[in-house]
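See structure below.
Per-chain residue numbering starts at 1, and chain names A, B, C and D are given in the order in which the chains are listed.
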Amino acid sequence: MADAANVSGVLAHYESIDGTRRAIETLREAGFDDLEVFSPVMCPELEEALGIYSSPVRRWALIGGITGFTTANLLTIGTSLAYPLIGQGKPIISWPPFIVIMFELTILYTGLFAMFSWMVHAHRPKLKLSPAYRAVFSVDRWGIFVPVDARDRDRALEKVRETEAVEVEA
Amino acid sequence: MSESSDTQAPRPEEEPSTGTSRRTFLKILGLSGAGATAAACRPAPPHIDQKLIPYLVQPEGITPGTNTLYASLLAEAGPEPLGIHAWVRDGRVLNLEGNPDFPLNADSMSALGLSTLQDLYDPDRIPGPRQKRGGDFQEAAWKDGIQALGKAVKDGDVVLLTGTGTGTRDRFAAEWAKAVGARHVRYDTFDYAALRRAHEIAFGRAEIPTYAVDQADRIVTFGADFLATWLEPVTLGRRFAHARDIEKGRHARFTFVGPRLSLTGSNADDWLPARPGTSGPVALAVAHVVAQKKGGSRGLELQGALATYTPEWAADRTGVAADKIQKLGEEIAAAERPVALPPGPESQGADATDACLAVALLNYAAGAIGTTVQFGVGPRRGQGATLAEMKTLIADMKNGKVRTLIVAGPNPAFTLPASAGFAEALGQVPTVVSLNSHMDETTAAAGWILPGSHELESWGDAEVLPGAWALGQPVMQPVFDTRQREDILMQAADAAGIKADFGAQDFAGYLENAWQEKHRASGSSQRFDEWWFDTKRQGGRWEAAPGKAASVGLSRTVTSHSFSGGANAPARGKFDLVVYPGSYLYDGRGANRGWMQEIPDPITKCVWGSWVEMHPDTARPLGLENGDEVEVTSESGKVRAPVYLYPGIRKDAVGIQIGQGHTHYGRNAAGRGVSPLDLLPDTVDGATGSLAYAGVAVQLTATGRKAPLAKLQGSDLDYGREVSEIMGVEEARKAIGEHQVDLTELVEAAWDSDPMSPYRWGMTVDLNACTGCGACVAGCYAENNLAVVGEERCAGGREMSWIRIERYFEATADGGFQTTHLAEMCQQCGDAPCEPVCPVYAAYHNPEGLNVQVYNRCVGTRYCSNNCPYKQRRFNWFSYDFPYPLNLQLNPDVTVRDKGVMEKCTFCVQRIDRAKVQAKEKGRLVQDGDFQTACQAACPTRAITFGNLKDPTSRVSRIAKGARSYHVLEELNTRPAVTYLRDVTHAELAQET
Amino acid sequence: MADHWDTEERGLTLADANRDIMRPIMVSSWRYWTLLAFVFALVVWGCIAWAWQIDQGLGVAGYSHPVMWAVYITSFVFWVGIAHSGTLISAILYLFRSGWRTTINRASEAMTIFAVMTAGLFPLIHLGRTWYFYWLIPYPSERFIWPNFKSPLVWDVFAVGTYFTISLLFWYTGMIPDLAAIRDRLRGWKSKVYGLFSVGWQGTVREWSHYRRAYLYMAAIATPLVLSVHSVVSWDFAMGIVPGWHSTIFAPYFVAGAIFSGMAMVITILVPMRWAFGLEDYITDYHLDNMSKLILLTSLIVAYSYAAEYFITYYSADPTEQASLFFRAHGSFQGPFWVMTFCNVIVPATLWFKKVRRSASAAFVVSIFVNIGMFYERYVIIVSSLAHEYEPYSWGFYRPSWVEISIIVGSFAWFFFWFLLFTKALPTISIAEVKEHLAHQGAHEHG
Amino acid sequence: MRKATYTTVGSVAAVLLAVAAAWPILHGSSAAAREVPGVPGAARARRATADTGTAGAAGAAAARAAKTSGTPTPASPGWYPQPIGAPIQGHDSLSAAQVAIQLAESATQGPAQPIPFNHHFHTTNLKMSCEYCHTNSRHSEVAIMPPLATCIGCHRIVGTGLAPIDTLRAYWQRQEPVPWVRVYKIAEFVQFKHEPHLRNDLQCQTCHGPVQDMDRVYEFQSDTIPIQSLTMGWCLRCHRQKPQPTDVATEYKLVRQAAIPANPGGTEKPGLYPMAISEQYAAHRAPLDCTTCHY
């Protein structure tokens, strides 16, 4: 095909999650580990198939929480000491009300960290899309891209043909 | 130099502004307190903001930015002469306090007295000479005015109408009238002719005795509202509080006889609701009983004369049960030093003299004459023309016997009943010249207005006690282009070419001459100028006041005197009309003073209007509720006003207050409310010819409309919520007897104030002493730049007053009620709910225990107000303006609050601050007596005490630990710094459930 | 009637999902624009009223002395309450893996955002000196003065602020794959714009894996957040000593109320929406049924809270408290009180009947009642409590002025204005999640 | 392995963020500085060079000198109240060159007055004290502008023929006060009092700057206080320097202790504190309380 030219690899289209999963397994057995798999929907099965079991995002979330909590502490206590004014005999540093602030800031920072960490780890934001990306992948097709150079190309093609690919670009 | 500066050039020690023109020292504002003239966060007017205008010559004894006190006299403020200290800063009078040396009101004030400030700075004052051309007044020059007046004087048939007085001003008026061949008529709204006449009949002394209420152990008034409007309210109020000082073991039982519980009545233990104009017969019957029971020589003298006037005789005439009269009589007979006070205007009918005479006899029978009722030592009071005499004047005016009428003070066109026809008569007089400072009804009918200065801008004096003289000196340059009244008259005489020798160029000189005589008479060793200087400093000379009362005997003729049976009962379907002078408006002179309109009436708690008081049991069957408009009709006229349900009035009577219903007199007064004087026929007391206010029957018809009635009190009952507390007198005596003051723990908890601070400011309010007169509220208005917001906003609950007097009814066992007046300001809680909720620390607890409100930090969340159980915080819904010259009265020490800011009482923190600075200079802490809060300074009965709760030696810390002390809403544990002392009554209270 | 989302019967495919849900974005009608213009006009009118109030001072509103808080704070609480269901549906139901949220979460999250945006206006409108609102925000200044963190109002600033941020992120994150889909569907500058917001999403499994975690954690933290926010709001009152406010039941009571009103508002919005955009295949009666059940549940909780409030008061034997609650039901504000009771307790009871639950129009009517009822609830709590406090002297009354009414109307317009823009510019249903649902169904068939 | 990196990076980030958040609180000044447009000192030097040709060079030189020599540092703040008898800051301590700068710029700064009164001449040359004319400063909250009589007192004789003096006399003959233009204007909601400040031995120069070296008085902006003058922070810079009886933490402890009336008869009882402490309190604690200035 026309645009297959600028793809240095093999791109296969699939119409179901299971098909894709099976294809991935086949390809990985054949030693093609560095696959790029496109999916219109969120499907954990494929992650397993690709051997992705964990994401660092959770650690970032934790760190964010800690940061927020510390900030809240410093903010509430620090400002109260900056100009100590007594109201209704409450201590200058009175924890119960401060806990509300701490709670809120903890949540806030966790959220922000989670958000930005997933983007960082997914190498987003990006304006330029991968050459292997096809618009149908955002509609109802799954895609597997096997980046191979000319030498392995035929072997890859033949492996791909074994799978349930509905369309193959090479 | 402005016109004003060519009035009498004063001496440094009197006048802070030698040589500078008025405009100039107004600008000195810029120097001291631009803060006061400009609202928070709003730029001040440029001339104040951008320039610094110094004195030309700084008068000695004046320190810009500090208050200078001047002793002076208020003779026309209200019912009584008040000795004052005027607080003057940068040439402006800021505040008034009582003059402690003054023999009458001493260091206390009345609301009316304080509000003269607003009279002085009234934007509606007549700014300069005016001539009526083509129906309305045009600006004119002084010299033309003087010429015109001079010509009129030359033409003759002149009547000079002045108020009554006991001083040199009165003497001058008489002398001037004589010199120019004019007729001098003195007129006051309320003449005490009947009282004088009665004592003339009884004891051959045509004078008003002084009622030593403070000496009494049993008090009964037959209608006199002596705590608000009758004779000398402030003085009598002080005496009354003294007689009922429970802490000293005294508590004279007090009975009120009359159709309507006035402010005085609301302080009484018992109420005998006699029909209007029938307190005389009651007094007779009581005297009868006393004469029987007490016997003694005096009793025997009278038994014969009083034989026929039995309680039964009185009962069916007055509507008071015979047994009650009997009981009262017995109690008086049993008392050691009882006192009976005569009817006041509201209960003076066509037989006023008889009524007063009856009371006089009662006093005689009870042995009060000479002890609690004293002759020859009482306050002097000028006698004005009675209605009868005024009617002759009116007649003369009508049939052209009067060619020129000079009005210098009174406002008869408003204060005389419409039926007397003074207003019409004015029309018949070719030349009417008014020297009044306000555009009142009389002045409005004048052809020339030569505005006289306010008394705070004028010279004057008064003989307050026989031989004791008070001096009134001008405490500031005239605000407007006005002149001392007497000077105008003098100049007019000159213009008329009359060679009258007053011995001086102007009245100031004339007055000084008069005092030179006094100096000679006093035989003082001082040179006159020194003596004169001291006189001005202390505000008068009282050494000559007589010590002991004159002794009097009963005149023979009395025994044969036949008394009237009092006014007749109204026909079926009609009501007795009770017409009474307003506590704040008095005879209407308070009507244009914003404060007097906006401070709620002590009884009804209504503002800015008129109302018809009715008993609920009468109104409800007629389907009338608060605010329903009714038309009140008598033979002489009709008025329309909303109904107000008041359980303190007889079921067959309706009450209307004097004071509203002005057609002129300024923005606050004109066209507001109604005047009951329109309903009065010109019936007079037979013996004296003074107006009969009582004994008028009126008809009531509901118009079916609602009329605005701005009542500020939400509920009349406190539902036993520990807000106002009252206890029986025996219980109180017991408690006080057993009580030990414990000063080991002065403040409940440390954070009430910072442990490191030597201060915890606190206040006590003695509900037993508090009569509810409202002087404290006026004092607060004057000190703290409180805005006057007007009727609609008051009706919306947006009044700005920092103190309010809550009036609650406590049920008594006999189905009646006792009234308590609770002066409530911010309680400065130690554990203040308002503080922690403020998101920006605008409300916080200061180290000295004050709940501070930092106006410029406030963003206006209003959470503090929600969280204040006492609802003592006030919010600036709008930016309220102080139209010139009212802004000149603003206190530079207090920020004027702008819209969107919460404000409240902070115990006059500005005064605390000054006191601390001065104390630090002396190297000590602030002590008792260093300063007073504004409310405390004003209080006539000394019900308010203020001081440092952490100082074991301070009065407040002891009083706060007293037997009767409690905190409002104590169960909330807000630990207020304001402690209340329970009210005490002789009445038997119903069990609160 | 299916008791699940019967996609097979309806024969939906992944492509259908894309097409149907994107339709409003692709085509537009004059009706839409007229409606938008009308709503915008109302917003402008509200702004004028506010400007007048700032210029004149708060006096132009109907406040009186005891009643210092009124309809502005009422609306604040009301809108914060509305905001709750969104995150509840998206976060809590997500954690509970309730599939039926799939088609309604996007719209309700959008509603959340706009509701918070509306709610956030009212504290400003209500301030006496709005121009100093920033004093409530902690920022360093030369004065050394900071906000008072002991004040519930400052808690509000943080709670609402956090809630807005988190909801926005959550909403946006969920939308990224859909934005990508739209990007791929469109051409030209529009495509570029959507491409920008879709942060170059191309749905590789690696992206999905991080994305999935992030989304999960946000759901996890949004859940406690959603419960905390209305608790904090309720403490604005519970922390006060005003009788009728000072009650420990407030936090749960308010949270339940919030979800109650929120769900109602979701129905109020979804029913017309699905009619207008023909989304009956996605928002089915089954979904309405579930939402109605939630409304019924929360209505019962709210009813219980009303009862509990009275019981506690009776049991406490505190005269002021009792007087206050008696006044609430029989005083000058009894009208609003009984409206509230009727709308929040009686009307939702009809949802016991499956027929009502399953009928869109019926559910819609009920939801309208609930919205009204919940507005009145806050009104009653705030105004009637303040009007009848400790000091009998300062018992008062309150009636809103034209300014307040204009501003309230304006605020509703403001909310719908944003929502209309949303329906035009963004997928009103989460395409990705719908397709996920369909895809896995497909998978089961195959497997 | 990767776990470790994440944790380290994370914790570092956390600390950084937290400190960033806390920075302004711990260093109010740095925050405050942001609120001041420009650094006055620098600006001043620039003006000097710009406006007055030759004096400018000297000015720049002097400015440099000042940097090295006696410019007070916050550690020992020159603007902090000095004991009585100490040379008035800037009067004797300023070098001739610095005086030159002062004069040069004061000639252009500040508003023009109806009469070009020269403080420099009266104080520096004639060695007149400030309080000779501003007599009130120790007795009242306002220092007052001198009454015209005070000026005339000397100038009836002195300075005949000088234009400004004639203007002055003209005012006197017209018996008209001089409408001086206000230089220092404190916000209306601040209740400032001169007397306590002078009684605590503050020099006029502390707030008003080296007036004695000003041809025309302008609003003084101290180099050592990086805050707009006459703002709250500007005041607080002194007030916060005042020795406090206790630091906040212990104060708070005291409050709590005193809340429980421990050991009866002891002085720890609330309210009954040894007057010594109270006096110290009275002397020192007040200046930080809001009610000192706002009511």
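Assume a residue touches a chain if its C-beta (ideal position, glycine included) is under 8 Å from a C-beta of that chain, and two chains touch if they have at least 3 such contacts.
In this text the structure is predicted, and so the values were computed from the model without any measurement.
Asker: For chain B, which other chain has the most distant CA centre?
Answerer: Here the answer is chain A, farthest from chain B.
Asker: A-B or B-C: which has the larger count of contacting C-beta pairs?
Answerer: Counting C-beta pairs in contact, B-C comes out ahead.
Asker: Suppose each chain is reduced to the average of its Cα coordinates; what separation in Å results between chain B and chain C?
Answerer: Chain centroid spacing, chain B to chain C, equals 59 Å.
Asker: Roughly how far is chain A from chain B, centre to centre by C-alpha average, rounded to an integer in Å?
Answerer: 83
Asker: Rounded to a whole Å, what is the gap between the Cα centroids of chain A and chain C?
Answerer: 30
Asker: Where does chain A touch two or more other chains at once, residue-wise?
Answerer: Touching at least two other chains: 75, 79, 82-83, 85-87, 89-90.
Asker: Enumerate the residues of chain C that touch no fewer than two other chains.
Answerer: In chain C, the residues touching two or more other chains are 144-148, 150-151, 154.
Asker: Among the residues of chain D, which ones contact at least 2 other chains?
Answerer: Residues 25, 28, 251, 255-256, 259, 290 of chain D touch two or more partner chains.
Asker: Quick one: which bits of chain A touch chain B in the complex? Just the residue numbers, please.
Answerer: The touching residues are 83, 85-90.
Asker: Taking the touch rule as given, give the residues of chain B at its contact with chain D in the complex, in rising order.
Answerer: Residues 1, 19-20, 24, 30-32, 34-35, 38-42, 44, 49-58, 63-66, 744-752, 754-758, 760, 841, 844, 846-848, 850, 852, 854-857, 893-896, 906, 909-910, 913, 916-917, 920-921, 925, 949-950, 952.
Asker: List the residues on chain D that touch chain B in their complex, please.
Answerer: 136, 139-142, 144-150, 172, 175-182, 185, 187-191, 193, 195-196, 199, 245-246, 251, 254-259, 261, 264, 269-273, 275, 277-279, 281-283, 285-286, 289-292, 294-295
Asker: Mind listing the chain C positions that touch chain B in their complex?
Answerer: 56-59, 63-66, 68-69, 123, 126-130, 132-133, 135-136, 145, 147-148, 150-154, 157, 236, 239-242, 319-320, 323, 386, 389-396
Asker: Mind listing the chain B positions that touch chain C in their complex?
Answerer: 712-721, 723, 793, 796-799, 804, 806, 808, 824, 833, 836-841, 857-863, 865-867, 869-871, 874-879, 899-902, 969, 972
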